[in-house]
Structure formats: structure tokens, C-alpha cells
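Heads up, the next two complexes both have subunit A, just with different partners, subunit B and then subunit C.
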Partner chain A sequence: MNASQRLFLALLISIEIAVTKSVTLNLTLFGMFFILLLCQRIKFKRLGFYIAVSILPTLGTFWSFYLFGIGGAFERMHTGMIMGSRIMLFVFVSAWLTNSVTPSVLLHSLQQNLKLSPTFIYGLLAALNFVPRFKDAFKSIQASANMRGQSLSWYQPTIYFKALIQAINWSETVAMAMTAHGFQEGASRSSFKRYPYKKSGFAVIAAALFATVVLLNFSQY
Partner chain B sequence: MKNTQWKLKDAILLALIGIIFSVVYFLMDPLYQIISGVLTTVGLQNLANDIVLGIWMMAGPLAAYVLKKPATALIDEMIGAAGEMFLGGFYGVGTLVSGLVQGLGSELGFTFTGYKNYKTGLWLSTLTGTIVTFAWSLIAEGYASYHFALLIVLFIVRYLSIFFFGGVLVFAIERLLDRSKFLSSKDEEE
Partner chain C sequence: MALTAKNLSFSYRKKSPIFENVNLNIEKGSFTLMMGPSGCGKSTLFKCLAGLFPQYGGMVSGSVTVDGEPVAESAANERVKKVSMLFQNPKEQFVLETVEAEIAFALENLSLEPAEIENRIDKALAMVHISEFKHRFLGQLSGGEMQKVVLAEVLALGAEYLLLDEPFAAVDHDSRVELQELFLELSKAGYAVLVCDHDDAGYENRITDFYRCSKGEVTSVESDNWPKDLGEEVFELAAKLPGTGLTLTASELALENDQRLLLFQKELEVNKGDLILITGENGSGKSTFLKAISKLQKYDGALHFNGKNLSDWKNKAYYQSVGLVFQSALDQFLTITVEEELAQVKRYAKNQRYWTEDRVDDALERLELTGLSKRSVYTLSGGQQKKLQVLLMLMTEKELLLFDEPFAGLDNDSFQKVIELIQESRAALEQTMLIVSHQIRPLMGVVNRRLHLQNRELNEEVHA
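Take a look at the complex of A and B:
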């Protein structure tokens, strides 16, 4: 499976989970993605982290639906378990996705597979490098406000305004630098690395969806 | 005015706005956990969802206003969601799906004005955003199994949240941008 196909599978499965109501399906998929994660030789600490972050919202959601749902205790239990297991599953599907593809590989393969505009994708790729810088930018914005005796919090418009000004400046500088290095807007590009669709990937997606539909038909709970 | 061509500069800016907000969204995840943790003890965990949902709907309207192009709200909400996922947000691929729904909700507000009046579009987007996300909650997040009275409360709380964060706060940021003449002066240069 290439990166785009992994994204499609993750999206399809999450939409499917979101619109169906089956505890069996959720738990089966959860087990499957858990095994897939183990096959990716994920570090034990990282696995523990995923479980730790998902446990509280899972229990919270379950509890909320159990207490405030409509119907008898059995029905509320069912709804609560669906909603709770769904959140756990979301976390593990995305863990599987983010462990197997990096954002830049995903963007390159989406561009090649879906024939998106290279200008647009290269813009996104250029912006990716600013992710760590934004944390610093937020800190320096707050520090400079502190020097003037003001404190800026996340709910004040000024902090976003300053970050936006920073973003506008960066976007112009980076665009200029890319143009200076020979990047042409709208020009057709060749690519250093190809990420073609794999037939086996489509087979896996089809098989996974077919299996979930079969499971949905046969499972009672 | 045709404004559908994507320039490199605009694409980078779009992504940067998405990234700013993916950092914000990511940092807000623990806050959401705390609020929902507190409300869980009284069994109102889903109220937490509606109280803070507006925060997750700021990127789209802001990007639409800054870039003034069709589909920016939708794309930027998706970028914000993807960024949140890759940073390691709690809800994983769930954020991609909800980013799509939220982006679509905000986008509709601007679509209804025909992408001509972005001020009206902003206020309209708070309403369409609430309706679309609430419909999604009814279909997918199990809201249909709540009592009707609770649903009304949840809807009002959600609208207020989106109105404040996605409306008032975004409007305040836009006013600062307007007053700084940062956007308009750049346009004149071209």
C-alpha cells in the first residue's frame, strides 16, 4: 500500500465506524489495528502513550452515554460501548497511519496519485518546515508582550493577529526564496521519487471493506 | 472578481494558517480533556464537546477571510485537522473526519454569499457551521440517543461557542488585520 491508499483506508474506516453502530465491528477492528501496530515494531513506550491518552475520553464518553442516553440499561450500555470503543479505535487507526507515513511522503504521493496542482502541494511542503518554528514564534510573541507588561493568552485576538503577520511574512519570504531557486508557478514538474498506486493496496482496501460489511451483517451486538 | 488561481505564496500562507491552528488545536486537546473530565463526573461529558467546539472552528473562517478564495475554509480546516493528527492529537483520524465536517459547515456560510461578502459570510458561517456539525453529531456521535431537551441545550451551547470563537474572536482578529492595513497594502503592491 502506498501512502495515499493508507490514508484512504484510514478515512474510509473512520467514516464507516462513525456511521455504524456495532460493538463487535469496533472491537474487531481495534484488535486488528493493535496487531498492525505491533507488526510495525512500535516502541513499547509509544504504545503505552496511545493507550494512556485514549483511556480517559473512552471512559468519559461511555459514562456520559450510559447515564444520559435514551432507553433501558441494556440499550444505554450498548450505545456507551459503541461510542467509547470508537474513540479508542480512532486513536489506534491514526497511530497506524502516522507511524507508517510521514506528512511529506503523504503530500508527494497525494500530488502524484490524485494529480493535484504541484504549486499547491509544494506550498504545503514548504510550510511543513515551519511547524517547530511556530511553537517558538508563539513563545516569542508572548515574551515580547510580557516585556511590555501585557500577558497574552490563547483566547485573545492579538496573539493570533501577531502569529498571522508572522505567517504572512514567512509565506512571502519562502515563496520568494523558492522562486529564486527556480520554482515556477504552474509549471509541470518531474519528480525525484514516484509513489505509484499499488494493486495490492486496492485489494487490501476492498477486502477490508468487504470484511467489515460481512461482519456487520452477521454480528448482533 | 475571479480569485480562484492558487499562487505559491497563497498556498504557503494557507498551510501556515492551518499549521498555526493545528498547534492551537493540539495544545487545546488537554484543556478539552480537563473540561470533559470535570463534566464526566456529573455525566455531562458531551456538554464539554459543545462548549469548546468553537475553538476547533477558527481556522476555516479566518483563512477564508485572509485569502478570499472559494474552498479555503474547507481546505484549511482539513489542514488543521491533519496537522493535529500528525502532532499526535488525542482523536487521531477522528479529527480528519470532523475537520471535513467542520470545514464544510464553515464553507457553506461563505458559499451562500457567493464569495462576495466575507463579513456577512463569517456570521453566516457560524450558523451553518453549527447546523452542519450538529447534524453530524446526530448521525454519527450518538446525539440521537439523547433526550430532546438535552439536545436543545447542547445546540444552544454549541452555537454560542462557535459564535464566540469562530465569529467574535475571528472578527476581532480580522479587524486588527484591517487596521494594520497589512493585507490591503500587499494587494496594492502587486
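Take a look at the complex of A and C:
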């Protein structure tokens, strides 16, 4: 599966679980994506982070629907479990996607597969690459202010204003540098690395969707 | 077959022109040097020659043609096959994360096939002798290393007219000589090389044309007045200021960057009143060392300031005594205009002993910064930003002041004036200063110690 196909699978599964009401399906998919994450050999600390992030909204949602939902205890329990497991599943499907592809590969893949505008894609890439620079700039501004006798804390607007000015300034120079290196809006470009669709990828997507439909038909709860 | 400017003028809206009626003819096979004071409009001129202006603002009159075709009218992906530019600040010219991806981005703009892209990347990196950088992250490279990557990118594009805007501002001596030799080779191979620089060292017997840029005019210089070889000089040290005790000590200090060990310093002592020049190759860890002293970089081992471990110092108290002049001037500014920057320091600096209002005005005049008070710091030239940045940090009257390439982008005259201000401030306030610089010659007889970073260690250079 290439990066775009992984995104399509994640989106299709997310849409499917958002419109169906099967605890069995949600838990089966959760188990599957949990195993897939383990197969990606992610660190236990990271896995713990995903669980920590999802556990509170999962339990909160479950309790809300169980305590304040409509119908008898069994129905409320069912609705609570569907809603709670959806949240856990959304987090783990996203975790599987973000751990299997880098933002840069995903954006290049989408650009090639869906013929998106390179200006849009490079705009996003430049913004993504600015994130670490923004963090550095934030640190430098704080240090520079300290050295000039002014304490700037994270909650003070001055620090964001200054970082924003740097970002605007940087975006102008980057646009100029892109032009200086031959980037022309609307012109055709080649691709150094190619990310073609894979037949096996579509087969996996079809098989996964078919399996979920079968499971939906046979599951009771 | 040439890059030609005819009666070229440039101005920002309703303002006096940055330069007027410039006539230039850069032929293939030439190696041209352009020199001029900071803020005379060299960078703007280069951007006009590269076809970036008026696309990115300003008003241009006159014409720029390359091989007879108007530069500004051709599409960027066609233009770069003929003329390409290397910017002054290497940090500001990258879109992607790694060296390979960045150069590939430029070559994709030419619609080249992957095999050809791969081939050109390898060739260009080999030409600049940085083949091992191919998979490195750009954010982890030093300023000089970044500049080499951009040069490789420009060469990979295959442009025949190379416009290099201060390519050596952050490049060490050996790389400078190596790159100058490479430019000569390129010009002999039929490329046209136009380079702007503040230091004329190393151009003697290499250049074929020489221009001076001053007060908005560009004039050709007769060969009798071209840079001359001053020969190798013995680096002389100045006498130490009277002062006692230690300011800074390092023991078992280890610095890493990108999982590479940059420095392991068993022991280092900096005395009160020392003015130390730190030299070393690009990427050897000089800036990282200054950042560690400024508490902006993790390290192993121990650093003590005034006898107290750095980790025991509270940031607020520490930064009252220690300051860093950042490599990039823009990182230092906190407000918008020159006037606001000066007012900020005056407002927050406590009990200024030396930098009185009169001394600040005098310094502004000497640095040719008067009349710029309402200007945004972002629209100043690279040299003007640097001069303002150094002045602001001197005004904070720190006990220990660290300078990371404070002379980058300064013309000779400005360089001398900045050194004078540094010396005057140090003498009056008995400050300790550490200066990282690639420009060594003008600091001869100014610094009282020189440390050279080589083989991951700072070694004392003792001169007769």
C-alpha cells in the first residue's frame, strides 16, 4: 500500500465506524490496529502515550452515554460502548497512519496520485518544516529577551507577535528562494521519488471493507 | 553571450532609489568581484540580475538581459538554467528537510528524470566536496555548510551565470580558499561568476573584473587598484587587560550535534578581561560551544561561571551577566523599528555605567545608522542589521559577552568601527569577551588569546 492508499483506508474505516453501531466491529478493528501498531515496532512509551491520550475521552464518552442516554440500561450500555470504542479506534487508526508514513511522503504521494497543486503541497511542506524553526525561534526570542533584561513568558503575546513577524519574513524569503531555484507556479514538474498506487493496496482496502461488512452482518452486539 | 544590465535603477515606492543607472556586462568565462559598504544595495542589485525583482516588490527601470533575452520575462524554471543566485543568509533558502530532497526539489522544477536528478545531485555534491552530506538534515548543518549546499544546488541546476551574494560570510578560511579556487575553475570552464564580498583576500590573481558599489552607483575599477596579495602574516596577540581571577571554566565538557561528538574539552579557563578569538572549520562546533555557555545547548561535563555551576544559575540572574550576539541578527531583535530596539535596551538595562545617551548617539553616527530610526529592522541591509545588533548587545553592558560571527556581512570600514566600539566598551567596563569569527586578519593585535577548534578540542594558539 502506498501512502495515499493508507490514508484512504484510514478515512474509509473512520467513516464506516462513524455510521455503524457495532461494538463487535469497533473492538475487532481496535484489536487489529493495535496489533498493526505493535508490528510497526513503536516504542512502548509511545504506545502508552496513545493510550493515555485516548483513555479519558473514551471513558468520559462511555459514562456520559451510559448515565444520561435514552432507553434501558442495556441500550445505554450498548450506546456508551459504541461511542467510547469509536474514540479509542479513531486515535489508533490515526496512530497507525502517522507511524507508517511521514508527512512529507504522504503529501508527495497525494500530490502525485490526486494531481494536487505543487504550490499547495510545497506551501504545506514549508509550513511543516517551519515547526522546528518556530520552536527554535521561540527559544531564541526568550533567551534574547532575557539577555536584554526583559522576561518573556510563554503566555505573553509579545513572544508570539515576534515569532509571527519572523514567520512572515521567512515565508517571503522562502518564496523568493523557491523562485531562485526554478519553482514556477503552474509549470509542469517531474518527481524524483515516485509513489504510484499499488494493486495490492487496493486489494487490501477492498478485503478490509468486505471483512467489515461480513462482520457487521454476523455480529449481534 | 552575457548577462547585461543597462541603465538599471531600483527603488521602493516613493523612496529615493537604492541604485541608479547601473551598467554591467558579465561575460561567460569571467570571474567578477563586487565590493561596497554595507547597505549600498548589492543584494538588491543581485536580485534584480536574477530576475527576482520586480516580481517580489519594488520598481525596476532599465533592462537586464541574459544572452539577449530579458531576465524578468522568462519563467523561473527556464531562467535558472541560465542564471541562478545564492543568497546571503543560507538559513532562509531551504524548503525541504534534507540535503538530497532540497537539491532534488530544484531539479524537479526543470522536469528532469529521476536518474538524471540522482546523477546531478551526486556530481554537484562532489564538486563542492560535500558528498557525505547527502542524507544530512539541513537544520543540523552549520551556516558555512548550508552555504556549500546552496552552492551545490545552484551548480546542479546547470546555470551558467552564478550570482553569489556574500557566499563566505560564514565560511572558514580553508573552505574559502577552496571555494575561490572552485569559482576560478568554473569561470575557466565557461561559467560567469559574479561574487560580492566584503573581504578582498584571496581574489588577487583570480578575478577578471572588479566593480565597486557606493552610494547607489556601480563603477568598474582599473586593474591597478585590484586586491593585492598581502602574504601570510604572523598573527600577533594584544596584551591582556589587567584583571584577576577566572570568569569561566570548563571541565570534561562534551558537546554533541546530530549525534556527532563535536567537542570534548578536558579543561579550559577564561580569565576576567580576556578577549578571545575562537577559530575553526565550518561545523566544528564553535557556535554550539557559545550556545552551551549561553545555556541554550545541552552538554555533558561542567561549565562554571564566576565559580558557580551553570545549572545552579537561575536564568534571569545569569542573563544579567552573560549575553550572546546571535549568528543571525534577526534572532536578536525584539521589536520592529531601530528606535524601538534602542529604547528597549535603555528601558531594561539597569544602571548603565558606560553607554550614556551621548555615547549611543556617537556610536550610531560612527556605524552610519543615524537617520534609520524609523526603519523596520527587517528592511535594513544585512550589514546594518549586524551593526545594530552588536551595538544593542554592547549597550546591555554584560560581564561576559559572546559574539557568534559579529562581522559577517560588514565592509572593512564598518568592521573597524565595530571593533573599536567593542574595544572601547571592554576597556571601560572590564568585560570578558569570546568572539567566533572567520575573519581573522582585522582582529590581529586586538584579541589577547586565540583558541583554535580542531580535532574536537580547543587549543591555545601561541604566537610570537
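Simple rule for what comes next: the second predicted complex is superposed on the first by the 183 of 221 C-alpha atoms of A that agree within 3 Å, B and C clash if a C-alpha of one lies under 4 Å from a C-alpha of the other, contacts with A are read in each partner's own complex, and residues count from 1 in each chain.
The rule we apply is simple: contacts are C-beta pairs under 8 Å (C-beta built on N, C-alpha and C of every residue); 3 or more make two chains touch, one makes a residue touch a chain.
All values derive from a computational prediction rather than experimental measurement.
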So, does A:S14 touch the first partner subunit B, the second partner subunit C, both, or neither?
first
Of subunit B and subunit C, which one contacts the greater number of residues in subunit A?
B
Per the contact definition in the header, classify A:W170: touching subunit B only (first), subunit C only (second), both, or neither.
both
Answer with first, second, both or neither: which of subunit B and subunit C does A:Y122 touch in the superposed model?
both
Have a look at where A:A180 lands relative to subunit B and subunit C in the superposition and call it first, second, both or neither.
second
Have a look at where A:R148 lands relative to subunit B and subunit C in the superposition and call it first, second, both or neither.
second
For A:L114, select first, second, both or neither according to whether it touches subunit B, subunit C, the two together, or no partner.
neither
Go through the superposed model and pick first if A:C39 touches only subunit B, second if only subunit C, both, or neither.
neither
Regarding the shared-chain residue A:S188, is it in contact with subunit B (first), subunit C (second), both, or neither?
second
Can A:S140 be said to touch subunit B (first), subunit C (second), both, or neither?
second
Both subunit B and subunit C touch subunit A at residues 122, 126, 158, 165, 170, 172, 174-175, 178-179, 183
Over in the complex, which subunit A residues touch subunit B? Could you list them?
10-11, 13-15, 18-19, 53-54, 56-57, 59-61, 63-65, 67-71, 75-76, 79, 82-83, 86-87, 90-95, 97-98, 103, 117, 119-124, 126-128, 130-131, 134-135, 138, 154-155, 157-158, 160-161, 163-165, 167-168, 170-172, 174-175, 178-179, 183, 185
In the complex, go through subunit C and note every residue touching subunit A.
47, 50, 52, 55-56, 75-77, 79-81, 84-85, 87, 89, 92-97, 101, 104-114, 117-118, 139, 153, 157, 294-296, 315-316, 319-320, 322-324, 326, 330-334, 336, 344-345, 348-350, 378, 392-393, 396, 398
Help me check something: in the complex, which residues belonging to subunit B touch subunit A?
6-20, 22-24, 27-28, 33, 36-37, 40, 43-46, 58, 62, 66, 79, 82-83, 85-88, 90-97, 139-142, 145-147, 150, 169, 172-173, 175-177, 180, 182-183, 186
Contact set on subunit A toward subunit C in their complex
104, 122, 125-126, 129, 132-133, 137, 139-141, 143-151, 158, 162, 165-166, 169-170, 172-184, 187-194
